[in-house]
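Input: structures, listed below.
In the two complexes below, chain A is the common chain; its partner is chain B in one and chain C in the other.
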Partner chain A sequence: MESDASRILHELQSLRASKSDIDRRISALETQLHQINLLNDSVPNGSHHSISTIDNSHLNGPHAHYLTPEMIHRYSRHLLLPSFGVQAQSNLLKSSVLVVGAGGLGSPALLYLAACGVGRLGIVDHDVVELNNMHRQIIHTEAFIGQPKVKSAAAACRSVNSTVQIVEHHEALRTSNALGIFSKYDVIVDATDNAPSRYMISDCCVVLGKPLVSGAALGLEGQLTVYNYNGGPCYRCLFPTPPPTTACQRCADSGVLGVVPGIIGCLQALEAIKIASVVGEPLSGRMLLFDALAARIRIVKIRGRSLQCKACGENATFTQQEFQEFDYEKFTQSPLSPSPLKLNLLQADSRISSKEYHDRVVNGDAHVLVDVRPAHHFEIVSLPNSLNIPLPSLEARLPEISSALKEEEERKGVSSGSSAQLYVICRRGNDSQRAVQYLHKTGFTSARDILGGLESWAHDVDPNFPTY
Partner chain B sequence: MDTMEGKINTQTSDPKPEGNKVPSVKIKVLFFARARDLTSLTEMPLEVPSGSSADDCLNDLVARFPGLEEIRECMVLALNEEYTTESTIVKEKDELAIIPPISGG
Partner chain C sequence: MQLTLEFGGGLELLCESVKIHNVNVDPQNGAEKLIMKDLLRWVRTNLIKERPEMFMKEDSVRPGVLVLVNDCDWELSGQLDTTLEEKDVVVFISTLHGG
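Moving on, here comes the complex of A and B:
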C-alpha cells in the first residue's frame, strides 16, 4: 500500500513538473508570437525603422533591462511613475503570485495582478461558478456558470494579459497539496472564505517563509493585513485561539455587499504588487479595517511577532511534516470546504418532507405554517399563508401560534377529536428543528418541521420557487 | 430588576449625589465585525473607575452584552488605534477597539 502511494505521488510530481514546463513553453511561445505580430503590424507602414524585439542590443550600458518593446508599451504608465519605474516593473515581471480563492476577493485581485504583469500568476479554487456569485465575483461571466472558477478566472486573466503565465490549480487546498503549490510562488494571497483555510494558509506561509497578503470581507466590513513579512506577525500571533464556529459567519448566510470584497481584493492586489516589485511599505504589523456604511477606513497597529506563537514563535518547531499532519478542521471545529450545516435534532415522526406537506395543503388539511426565518429573509420570498415568527422571538410570540391554531380549527370546522396541525419551516431546515424542539417543550407536542426547509420545497415541489 | 438598575445608573445626570463617588474615566468603545452583531452597536461611551485596565473594560462590556463572551478569546484589542494588552490602563477619552477576525470572502 505504502509503496503504491509513493509511486503515485512520484508520478504526480513528475506529471506536474512536465505540466508546468509545458505551461512555460506555451507562455513563451505566445509572447514570441505577439512580438512577431507586432513586428508585422509595423512592416506595412514601411516608412519607419522596425525595431528588433528579440535583440535587446539597443539597451546596452548601465540601464540595461529586459523589457521588450511590447512590455514597454503595455506597462508604460507604470514605467512613467518615478517611484515605480523600470526597476519595479522588472521585479514584478520576474515574480510569481498565488491567489487562493477565485471568489469575491480573488476576482479583482486576480484581474489586477494579471493586468499589472506579474510573471506567473497561480489560481487555486475547487468551486464552480454560480449565479449567486455574480454580484461580487466580477472576474466570472454568465457564460461560465456551472464551470470551474479556476477555468473561468484563468480565461479572464488571459484575455486581459496574454503575456502572463497563468497556472490553474483546480483543486481544494489541503495540507497534502499546500506545500507543493505554495513553494512555487513568491507571494501568497489569501482570498478564501473560511477560518480553517486561513490558519492553514498562514501556517504554510510560515513553514515556507512566504509573505502572505490576507484579506477578508463580510456584510459591509472588510479587513486587510500582510502576515509573515520581514519578521512581522503571522495569523496565529494575532489569533492563537480560533473563533468559535458561531462567530464564523459566511457570506452565504449573512450576506455581503458585492463591492466590499471588491475593494479589499483590490487592496490585496496592491499589497502583493508592492511586495513583488519591492516598492513602498507593505501593510505588515498593521491592519486595515474598512467600514462601507460609515465610509471609513482605519488602520490599527497590531502586535508584532509573538514569541509564544505555535507557528512562528521563538521556540516553535512547526515543521513541514507537522503542518501536513495538522488537522485544521478539528482545530477550528469547521470544515475546510464550508457547506451548509445539516442538523438532525428531531425524531423522524416529528418531521415531514416538503412533498408530504404539499399533499396536506392540497388535501385542505387544517394546519398552521410558522416560518421562523428572520423578517428580512421572509421579505425575499415565503410560502402562502405562512406566519413569520423569527426564531429569537418565538418564546414571546407563542400566544400568536395558539390563536392561529384555534382560528384555523374554527375556519375548517375541525371535529373536537382532532386539531389543526402545526408545521415549522425555515431556509434549510436547521432553525425549524430548533423551533420544533422548543415548541415540544412548551406544550405544542404535535409540532413538526419541514425537512430541508424552503430549499427542499424549491427542489422537490416547486422548481419555480426562488432560492437565495 | 437589572433593567431598573440600569436605568437609574444611566440617568444620573444630576452631579450632586455623585459627590463621593470614585473618580472615573470616560472612554469610547468601537465595535467591529461580529462584535457589532453581538452588541447591535458600532460604538458606545463607557465610564469606568480610574485605573481600570482594558481587561476591566472588557469585563464591564461582557456584563452588559453577555454575547461578547463568544469572541473574548479571539479578537484584536486596540487602544487609540494601537495594539494593546489587556493589562493596559485606560485614560480619559481613550478609544478602545474590539476587532474580531472576519473570515468571509
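Moving on, here comes the complex of A and C:
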C-alpha cells in the first residue's frame, strides 16, 4: 500500500513538472505570436488584415487601432460600449498591471484583468495554495493544493486568455525587489493582507509615480480606494502613523466570508481597468466602504494629498535609496509575511506537550482541561471533557474551575494531599499561556498549558483531529 | 442634539458589537457648540465598553481609525474642532489590512 502511494506521489510530481514546463513553453510561444501579430497589423496590407486596414474609410485615417480580427471578436462587447470602445480597449491592450497577492482579493482581480485583455499581467506571491484558501481564493483549483499560488493563478489566467502575457513573480515582495518589479508595470494592485506590505507598496508607488489600486477585506467588511493617482493622496497621507499591531486582524484569526474579498477584488479590477484604459473617474480622493451584513456600500470623501506627508508631501525627499533602506517591519511592528504568533511566556515546568497530556489521559490521571478559546471556536471542534472558558471571561469564572477540580478529585477518589491537575489549551498555545500566567497569580499555581495547543494535538497525537 | 454614530472595521466590537447608535449629545462643559473633541470624550465614556486604547490615543482617535462626518473625512472639516450639527452622521472606521 505504502509503496503504491509513494509511486503515485512520485508520478504526480513528475507529471506536474512536465505540465509546468509545457505551460511555460505555451506561454512563451503565445507571447511570440502576440508580438508577431502586433507587428503585422502595424504594416499596411500585411498578411493579417485588421478591419482598420481593410475598411479604414470609416475611421479617422488608417491604423486608428491595431485590433486583430480575433481581438475584435474576443473583446466585441467592450467595443460595443460607446463609453469604452476601440480607444479604451486599445489602451488596455497596451497597458500592464501588477497584482501583488494572489489570495482572496487577487483571485477575482486577476481573472478579470486577464479576461479583459490588459497587455501584460504580473502576479507577485510567495505562498502556496492550501485547502483553507479555496473558499475565497477562487482562482485556485484543488489540483494546485501545495503548489505556488503564482503558478496556479498564472495557469488560470492563461486558460482564460492565452493572448495576455502573464508574468510570474514567485517571490515575497521586499524593498530589495519591489522597485525592480513595479517599474515594469503601469498600474499596481495591492491585494496583500498585512500592514507593512501596504506601507511598502504605497511608498514604492510614490517613489516610482505609479497609481495604486488598494483593497482590503476582513470578516464581513471591505474597503477600496485608489492612491497616488493624479495628485491624490497616498496611503501615508491617510495613515501617517501605523496602527497598533493589536488592531491588525488577520483572516486566519478573525475569519472572512469568502465572497467579501471577492467583491472588493472585482472592484479593484474595475479601478485598474479604468486607469489603464483611461476611462471614467477612478476612486481617488474617495473611499468605498462595504458592509456585507447590512448590504450597504458607502462612498466617502477622504483628504487630499497631505503637504506634510513623509512619502509624497511638499518637502518629502523620499528617494529610491531611502525606500530600499526603510524597515517596514520595524515601522509597523509586524512581519511582512505574517506567520502565527509564538509566545513564550512560561517556564518549561509550567508547560506540557500534547503527547505528554495524551499519556496522562490514557493513564486516567485526575485532571481538568480548560479550553480558553472563544465559544465559536469551541463549537468547531474540541477535546472530550474539556471545559470552555474563553480567556476574556476567565476572571469571572474562576469558581467554575475550582468546583470542576473538586468534582474530579471526588470522582477519581484522589487521596488527600495530592490533587487533580489543571491543564489549559487553546488553538495554537498563546492564549493558554496568558491564561496560565493569570491562573498562577490567582492561586492555581499548578496550572500548566499544553504546548502548541490543539494544532500540536492534531500534529503529534491525532492526525484525524480537524484543524482550522 | 440628535446624532447617529456608526462604528465599523472591527471598532463595533468595543461597543458590544452594535454598529449604529442613535444618541443625544449636548454641548459639553457649558459650551455653545458641540465639537468632535468633546464628542470623542463622550463616546469613550458612554459607548466604549472595553479596550478604550483601541479607540482613542490621547485626545484623538488612535492611528488607523478614519473619522467621517456626513461621509466626509474629518481632516476636511477641522478634525477635533469640527462643529457638529443636529442629525449629523459620524462614522468611526478602523482601516482593514486583510485580503
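As a convention for this text, the second predicted complex is superposed on the first by the 407 of 468 C-alpha atoms of A that agree within 3 Å, B and C clash if a C-alpha of one lies under 4 Å from a C-alpha of the other, contacts with A are read in each partner's own complex, and residues count from 1 in each chain.
Simple rule for what comes next: a residue touches a chain if its C-beta (ideal position, glycine included) is under 8 Å from a C-beta of that chain, and two chains touch if they have at least 3 such contacts.
This structure is a prediction, so every number in the text was calculated from the model and none was measured.
Novice: Is the arrangement of chain B and chain C around the shared chain A a clash or a fit after superposition?
Specialist: clash
Novice: After lining up the shared chain so the two structures overlap, which partner does A:A195 touch, if you call chain B first and chain C second: first, second, both or neither?
Specialist: Touch partners of A:A195: chain B and chain C.
Novice: Which partner does A:T68 reach: the first (chain B), the second (chain C), both, or neither?
Specialist: So A:T68 meets neither chain B nor chain C here.
Novice: Examine A:T241 and indicate which partner it touches, taking first as chain B and second as chain C; both and neither are also allowed.
Specialist: Both chain B and chain C are touched by A:T241.
Novice: Using the touch definition from the top, say if A:G215 reaches chain B (first), chain C (second), both or neither.
Specialist: The answer is both, since A:G215 touches chain B and chain C.
Novice: Could you give the residue numbers on chain A that contact chain B in one complex and chain C in the other?
Specialist: In chain A, residues 101, 103-106, 191-195, 198, 215-219, 221-223, 238-239, 241-244, 246-251, 254, 256, 261, 287, 289, 291, 294, 298-303 are touched by chain B and also by chain C.
Novice: Would you mind writing out the residues of chain A in touch with chain B in their complex?
Specialist: 101, 103-106, 191-195, 198, 215-219, 221-223, 238-239, 241-244, 246-251, 254, 256, 261, 287, 289, 291, 294, 298-303
Novice: Can you list the chain A residues touching chain C in their complex?
Specialist: Touch residues, chain A against chain C: 101, 103-106, 191-195, 198, 215-219, 221-223, 238-244, 246-251, 254, 256, 261, 287, 289, 291, 294, 298-303.
Novice: Which residues of chain C touch chain A in their complex?
Specialist: Against chain A, the touching part of chain C is residues 8-10, 19, 53-54, 62-66, 68, 71-73, 75-76, 91, 93-99.
Novice: Within the complex, which stretch of chain B touches chain A?
Specialist: 32-34, 36-37, 42, 70-71, 73-74, 76, 78, 81-83, 97, 99-105
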